[in-house]
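Before I ask anything, let me first share the structure, which is written out below as structure tokens.
Just so it is clear, A, B, C and D label the chains in written order, and each chain counts residues from 1 on its own.
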Amino acid sequence: MIGERYINGLVLAGFLAVPIWALAMDEPFTITLATRASVLAMAAVGLNIALGIGGLVSLGHAVFFGLGGYAMGILAHHAQTHAALDLGFLAIEGSRSMPVIWITAVTVSALAALLIGLLSLRTTGVYFIMITLAFGQMFFFFSISWSAYGGEDGLSIYVRNGFPGLDTLVPIQFFGLCFTALCAALLLHWRLRASPFGMALNAARQVPRRVETVGLNPMRLKLLAFVVSGAVTGLAGALFADLNRFVSPTMFSWQLSGELIVLIIIGGVGRLMGPVIGAALFVALEHFLGGLTDFWHVWLGAILLLIVLFARGGLIGILTGKDGPRV
Amino acid sequence: MSAILIIEQVLNGLQFGVMLFLMAAGLTLIFGVMGLINLAHGSLYMVGAFAAAAVAGATGSFVLALIAALAAAACAGTIVEIVVIRRLYRAAHLDQVLATFALILIFSEGTRWVFGSFPLFLDIPDYLSGPIALPGGIEYPLYRLALIGAGVLVAVELWWLTSRTRIGIQIRAGENDREMIAALGVDISRLYTLVFAMGAALAGLAGALVGAIQSVQVGMGEPVLILAFVVIVIGGIGSIKGAFIGSLLVGLTDTLGGVFLPELFKVFMDVGAATQTGSALASMAVYILMSVVLIWRPTGLFGMRA
Amino acid sequence: MSDVILSTRNLSRSFGALKATRNISIDLRAGEIHAVIGPNGAGKSTLIEQISGGLRSDSGTVHLVGRDVSALSTQARARAGLGRTFQISALAMEDTVLENALLGALGQSGRPWRFWRAAGEDRDLRARATAALERVGLAGVADQVTASLSHGQRRQLEVAVALTLSPRAFVMDEPMAGLGAEGSRVMTDFLDGLRGEAPILLVEHDMDAVFALADRISVLVYGQVIATGTVAEIRVSREVKEAYLGEGA
Amino acid sequence: MKLKSLALSVTLAALAGTASADTKIGMITTLSGGGAGLGIDVRDGFMLAVKQSGRDDIEVVIEDDQRKPDIAVQLADKMIQSEKVDIMTGIIWSNLAMAVVPSAVSQGVFYLSPNAGPSALAGEGCHRNYFNVAWQNDNLHEAAGAYANGVGYGNSFILAPNYPAGKDALTGYKRFFEGELAGEVYTQLGQTDYAAEIAQIRASGADSVFFFLPGGMGISFLKQYADSGVDLPVVGPAFSFDQGILQAVGGAALGVVNTSQWNKDIDNATNAAFVESFEAEYGRLPSLYASQGFDTANLILSALDRAGVDDADAFRAALRAAEFDSTRGDFAFGPNHHPVQTIYAREVVQEGDVFTNRILGVALENHSDAYAGDCEM
């Protein structure tokens, strides 16, 4: 068995090594794949805060991913067309600057998470899963029929947005940006897990009534976790949109919410690096299997099934020989 | 808008709701008895429709097609229960969600592997096709009336089965207490397989019945699955009565919302904008209904209180 | 009556037709252990939940240190100074023993919103948690996962978590449950020393422990207090005998 | 992620040895999940033409986009960055095309659309490296409007899903239709039950119905419409009456008129040969999509005969000249690189036990599109 710290170190090193190797070998697409994996991993790290620590099985995290994406899409669209976004009482200029877009994405998705969390946290268990799914579907259908921003066609942004001092169109530079953001999210998860807040949240997942009887409010803990989680996933959404230079309602789809959960479970629920391993493996499978057969979903399904049935605790669970938190 | 049109739309909503009930009943039974979230229920719906289309294509008989749908879905359900589901009863909801999500992938692409990428043909039998005149001058398709009848029949049978028969008593006992029912000498794992197969057969039946007026294609199960979940959550998970009322609520909301919301917006908007806004809102209507119900009653209309 | 720390007045609660508790009035005075006994189904668990805030009362009031806490939530009552233990251990089983104690210390500090610094590195929290563990004799296993503790150790940890709160009054739900003779004796000795710190409302089935510890006893039957008095008074009470003999026969 | 692209692609030239491939074509299309039938037809039609050309200096890299825009974008990145393709093609859906095409053509790659024709790429967003070999999205709907005028419909009930292509469809129909509208309804995307809409049609007093409901939606609508007893004539674009779909609709589609720029009975030698060889190769009748894939490949081949793809300007001019034998007969590009072509009205008929289409007549002659004027190249 291997210690989790070593695995974490290896994973991060591997994550960094692959694109650098690809750069040396002049394989820019491998860098793009690594970027995709790191952005998906970051979205799942966000979900892992709510799910892995707080036990909140949200099947609606695509809402925040999509809001982050549309924050990018709408701001860049207005900058692209040189028309301010007119809200009636306030006109907002578009922006092509990533920092501005990121702040917007984080703010918007945090606010949405606050609202959805307030309403959804009244329920528990399957009802929570389903009410978050319902919110996801509302956003999905709304975005499809909202023609001002492309509806189902989505919004194309022809040139990737800028970051001061970087040329974001160069794959390795954009990878660096996304990888840094992923590391920041991981750092947040790590510190938060050890902090008083994380400890209380973790206890609230296991024994909410104990948390109450020591004078803490488990609802508020969970709500804050949901907001932080939504904000991180929202930021990942903005990066994902910039990676593709495109946003569309599929970012709101329930399948995407499901995929984020899949990523976490493959790696290991509640583990710091669970989502990272999951995303790396998922992106690799998608490409390897996708090339072998048109029917690769069958094999993906079979692999997922094996993981659930025989590898409780995900890959990190297998490698460390320790079960993860139970959600 | 005339009264006839309104009545016709209400009938449409009822028919849609009754079909949803066939899906939701199995789902809620499986959750209530075994505590399992089965995302793959939509795949069993698809299996039923494909089996019906294949058999109808080969034999030309709609009745045989329905029997095939029931049998194929029940078989698929039994196999899935024994191979996979059985290991998930004590697992966390999260594991159940993932495992049955994986089953969807396997079923969908597996079906495409076998039947190809194009939709299959399944039609209404001649003796049920065409409209009939109802009192009041309403012309309504006979087949849809038959669907309402079939759905209500199944609902009554289910009620009878769960409240009046030995197996129903076992099922209800199993909901409350695994140990007690095991102590009664009932083979719990056989009971579970049976309940799962029964739920699967209902889903397969729904798939075949609906397949005759819709498109029999890969992926047809997922939209219905989501709506069925909405139904059982609104009704309260585990409650057959809740599933029935939830089905009708969702069916009526979806149908009437789609018709009347655009009309409503026409009162204060121009026609084009009203139809678009109205339809956008209509597509969200059932989800709004569900969140309102859950916010008001966090365990659904007839769910058990925590 | 200034020495009354915790008191209930006419607490009632029904579940449908079943009246689980009826007009219960109990006082817990400074420095005493007040035991509540009664046959199964007498309403003891309901009463505890009503006092600690888990169940809303149909009528009646709860006062803690002179303050009416009837309308407060569980967590507000905890902050007001109510330290409660559970009959079936409610501990975070995946976490270490120390972390469970830290959770109590954190609740007592009232500052759970710090994000960045690790909880285990906070000197005040740690000191408070370790002190509580030492008092119940769990300091040696502080870094073990709670799930690996024996049943007896879990009971001790329950009490330790309540201790970290430095409550004004304890409400303990069968702390001896499932303990062997030796374990009960250790726990009895420990609770005996605790009463000077804060009074204990003790719900307990173990009659030896009750008679050894209690300053006063209230007997609950069918949701009503049929007698309250000292150990000696209760031992000779006719009503109590009837109620218990009725149960025994 | 160390997986090399080698295993990922289906390549023709790989069989013949990659060294000889001078031109690399990347095809991103939908081969799995819902809607895979369309992508498979485009691919098969395209590859048939490549095979018939007998050229071994063309390599086609085929990838499955799963109908997901983000996957399509990622595959496009791969084709441009790693495979270094010269020409791209294959996308079926407008939303995927919008995600891929603008950035691909701005990176100097040629893109030839075998199916989607979003208006944004036909007007202001047109590009010199973007060619549409199928139609602008509005075309078939416009033709349906023109046909409705021709047969004297005066009061149409029109419906389409509530998404951009659906709105374009109704706009396209209304652009040419001169009669009144008895009703205009947007349905939900992916909707499977149309009882409510059919009841509205029945109550509306319309004399005809126009609908655009691609894929399974159209199958459901037609079956339910046929069963409803409403017997108003129906017109629609070819998408719901295509060879792949018709067998699933069955008798419910018989006699319905639909508009298309192609049909298997268009009388020219190229088309006859195409229909025959496609059936021989794949054992099924070719669809509209297959014909579009076939035409796209032949256009590329014809241009390659005249100029190498390295000489972008010459190659572009050769594409623009469109000197190839189209299965549709006459074919030319307008100023915005979209087809100028004749669109026919077809009728669904039964031949033996196979449902197929027969041409009734011309709906629009040498039709261009409404956006060409906005295009500045």
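The working rule: contacts are C-beta pairs under 8 Å (C-beta built on N, C-alpha and C of every residue); 3 or more make two chains touch, one makes a residue touch a chain.
Because the structure is a prediction, the values reported are computed rather than measured.
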Revision key, fill the gap. Max Cα-centre separation from chain A goes to chain C
Review point. For which chain is the distance between its Cα centroid and the global protein Cα centroid smallest?
Key: A
Point to revise | Centre-to-centre distance between chain C and chain A (centres being mean Cα positions), rounded to whole Å | key: 43
Review point. Between chain B and chain D, what is the gap in Å from one C-alpha centre to the other?
Key: 35
Point to revise | Computed distance of Cα centres, chain D from chain C, in Å | key: 74
Practice item. For chain A and chain B, let me know how many angstrom lie between their CA-based centres, rounded off. Key: 32
Exercise for review: Send over the residues of chain C in touch with two or more other chains.
Suggested key: none
Review point. Hey, what residues on chain A touch two or more of the other chains?
Key: 141, 144-145, 147, 295-297, 326
**Study point:** Overlap residues in chain B, where contacts from two or more other chains coincide
**Key:** 108-109, 112, 276, 279-280, 283
Exercise for review: Report the complete set of touching chain pairs.
Suggested key: A-B, A-C, A-D, B-D
Check your understanding: How about chain D: which of its residues touch chain B in the complex?
Key -> 32-34, 36-37, 40, 162, 167, 184-190, 192-193, 195-197, 199-200, 202-203, 215-217, 219-220, 223-224, 227-229, 244-245, 247-252
Review point. Which chain C residues qualify as touching chain A in the complex?
Key: 52-54, 73-76, 78-79, 84, 86, 90-95, 99-100, 102-104, 106-108, 110-120, 122, 125, 161, 164-165
Revision key, fill the gap. Within the complex, chain D is touched by chain B residues 1-2, 4-5, 8-9, 12-13, 15-16, 108-109, 112, 116-121, 123-124, 129-131, 139, 141, 143-144, 210, 212-220, 223, 255, 258-259, 262, 271-272, 275-276, 279-280, 282-283
Check your understanding: For chain A, which residues count as touching chain C in their complex?
Key -> 191-192, 194-200, 202-203, 206-207, 209-217, 221, 224, 325-326
Revision key, fill the gap. Listed in rising order, chain A residues that touch chain B in their complex are 51, 57, 59, 119-120, 122-127, 129-131, 133-135, 137-138, 141-142, 144-147, 254, 258, 261-262, 265, 269, 295-298, 300-302, 304-305, 307-309, 312, 326-327
